[in-house]
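Read from first to last, the chains carry the letters A, B and C; within each, the first residue is number 1.
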């Protein structure tokens, strides 16, 4: 029985971690789907999400009384959640705007050029975002304000799940659901899917490709921003370089699931999260970062199209 | 006449799509053979099968009796098959001279160590290669452009350069993929004479994929016709010209079929 | 012996003489510039070797720092553990001949091990292309770094002290000369045209009988070899190593040198490397003058912000770098579909 609880415990930890990776991975995969381009700077949007929350919270802190609650009670839950939710939504909006701006300024002019150029530009953007944040806000880690009370969820016996972990998982599920709604049921979503299949036909059908691409960036960046807020609720230390490792792990997740494939990205994120948690659980915490790279190399060598992806042949 | 190239019931499938089905074809020594068919018939796919870009899902590709299945493209070129491409694929950052010279890599005696020590053997071979490259270029009237960047050449010259480059690999069989595409009638006539010239001077076989009927009928001794991946006819230009299946494939149903 | 080799040996001799007669003078009187000189040399080796892979062969590698790390830690371990035996065996601890021979062995070992690693990484990685290759090489670079971080024998996260700062102008610039000779010698031959064909059009190259995989792996191995040597030189210059010094940013540093120089132009890359190595020092000096308002001083000193802006602006305005051929990068990795 203890074994079972142990496993369930690790599973929850893994799913919680994996949800963060999934949210970031979705941005990578959507942008790759419409542009065939790996947005190297995406991990830093996640970081900017966290910093947005950090900078916004003080303005609302008096009204929503951040940090003043110790536990969730039936009376205060709605209030707390709306406070945290507001910060999250605002941060997501900020990230969306930043994402669109980056695309407009740095990537769009290069759309006809070789992919190598825009990859290098993306590296440049990533470095710029990190170092600018470092320069303006300081390189040392900052304490993220407590938006929700963090404590063990009651009534689960020996299973130790934190409210923050629960928040991450629930929020991710909601966001995934919303995303699916957008992608499958709206005209914009359909345009995204069409664009990823055939850009030329799309514009011939009257779709304004630029608008769809901007929308895709906005969507992906918003999700990354959400991830930044969620992870900061759980682990409240933020720093300008925090986007590097999760960014690349999320990229691995996207490739694992099949780059360009939205459910694949979510699946990949979960798998990476669970694998990483397992590596720590069996006693090799120093290898936790290496496992994602190892997975990457294995996939690229044996099944580059990923779990759910399709094989695209080069036309000779 | 013994076969040089033989495709034996070759089939190639991409996922659910069968691009070429059960195709058998022979090209003899010093023969000029044509492969025609409507768009999407699978002609370039046949080329890609022969040159090793895609391995056949079923069937065999044989050169002089030796199977080529599964060999990588560069190895197949090593066996004596060279090709040009539908959309010209020259080495764009290289000059005219270097484009041809690069193709001599296949038969190089020296390797990287020689390039570093730069001894007498290296210099001698480099000299030889330079001479042979210039010779080749001269035959095709490209030698005065030798240091020009190949992308600055006019279209017709670029096509010729691609052929010269392929010839530098000393092939026994040359595959030409729509060499007349985008050419004026005069250029096409020149091309026809060029291909015949190449075939005789270099003593090789040529397999030609082409849309322009005048070109194909004008120089090919035998022609295969593909439609939707299946061979529908084979024979001399005269026979093909009159074959009802060929006419139908290109022009659609004739009035006689409407009853 | 061929003329080219003669010229190389002559240049090496010149290098040696400068080192023997001028080294101590420069090192003591102009210590600051001496340091910059050595750093330039190490960077040039890194950039010129990476240029063989990224520039001439058109394969985007982002893991060069990993091979540098292998070279650095290998030669450091050699110096720390095996050196005394070899030195004693050859001529005794006081003999400069002995220490230099031991150092030469250490350099070669570093290069060879890094080259082997290059082979091990290259063979599987070079099957993938473009963006994927960039990420895979980045991944390998990180794996190497994480492995070093977890290996106690080489100091793990504490860092590793290196016994003996043997790096001097001769070894540094001698290596620079050899590296440039090898890269240029390889590329400027009929054999070497093969590298360029792989960059321009792999499908056409294969069709012309060129084994593209062989060329890619060879470029990778040669580049890793020299990265290892650069690492060894670095180790015996700074005399202290940490895994953090060989992270992704280090790889990006070298990539910026190559891109600014113009991928595929060795001269361009060398010039760009010299410029970019000196630039931070210049800016630091500049930021302390009265021309720059105090608010922007920190900005100028932040090498990475400038690098990143440089990268972005370069890609938008002059992607071929200083000396690169604009046509050379046009057709590579073109987008399917397009807009």
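Note that in this section contacts are C-beta pairs under 8 Å (C-beta built on N, C-alpha and C of every residue); 3 or more make two chains touch, one makes a residue touch a chain.
Predicted model only: the values in this text are computed from it and were never measured.
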Neighbouring chains shared between chain A and chain B, ordered by label: C
Closest chain to global C-alpha mean, per-chain Cα centroids: C
Identity of the chain that, by mean CA position, is farthest from chain C: B
Approximate Å spacing (C-alpha centroids) for the pair chain A, chain B: 50
Gap in Å, rounded to a whole number, between the CA centres of chain C and chain A: 34
Chain centre separation (chain B, chain C; CA means) in Å: 42
Multi-chain contact residues (two or more partners), chain A: 316
Sites on chain B at which at least two other chains make contact: 53, 85
Multi-chain contact residues (two or more partners), chain C: 203, 330-331
Touching residues (chain side chain A, partner chain C) in the complex: 35-38, 106, 109-121, 123-128, 130-132, 134-135, 198-200, 203, 209, 244, 248, 251-252, 255, 286-287, 289-290, 293-294, 296-297, 300-301, 304, 312, 314, 316
Residue numbers on chain C that touch chain A, as the complex places them: 60, 124-125, 127-128, 130-132, 134-136, 138-140, 142-143, 146-147, 149-150, 203, 248-249, 252, 255, 259, 298-299, 302, 304-305, 307-312, 315-316, 319, 329-339
Residues of chain C that touch chain B when the two form their complex: 2-5, 181-182, 185-186, 189-194, 196-197, 199-201, 203-212, 218, 264, 325, 327-328, 330-331
Chain C-facing residues of chain B, complex: 51, 53, 72-74, 77-78, 82-83, 85, 89-94, 98, 101-106, 108, 110-112, 114-120, 122-123, 125-126, 129, 149, 151, 165-166, 168-169
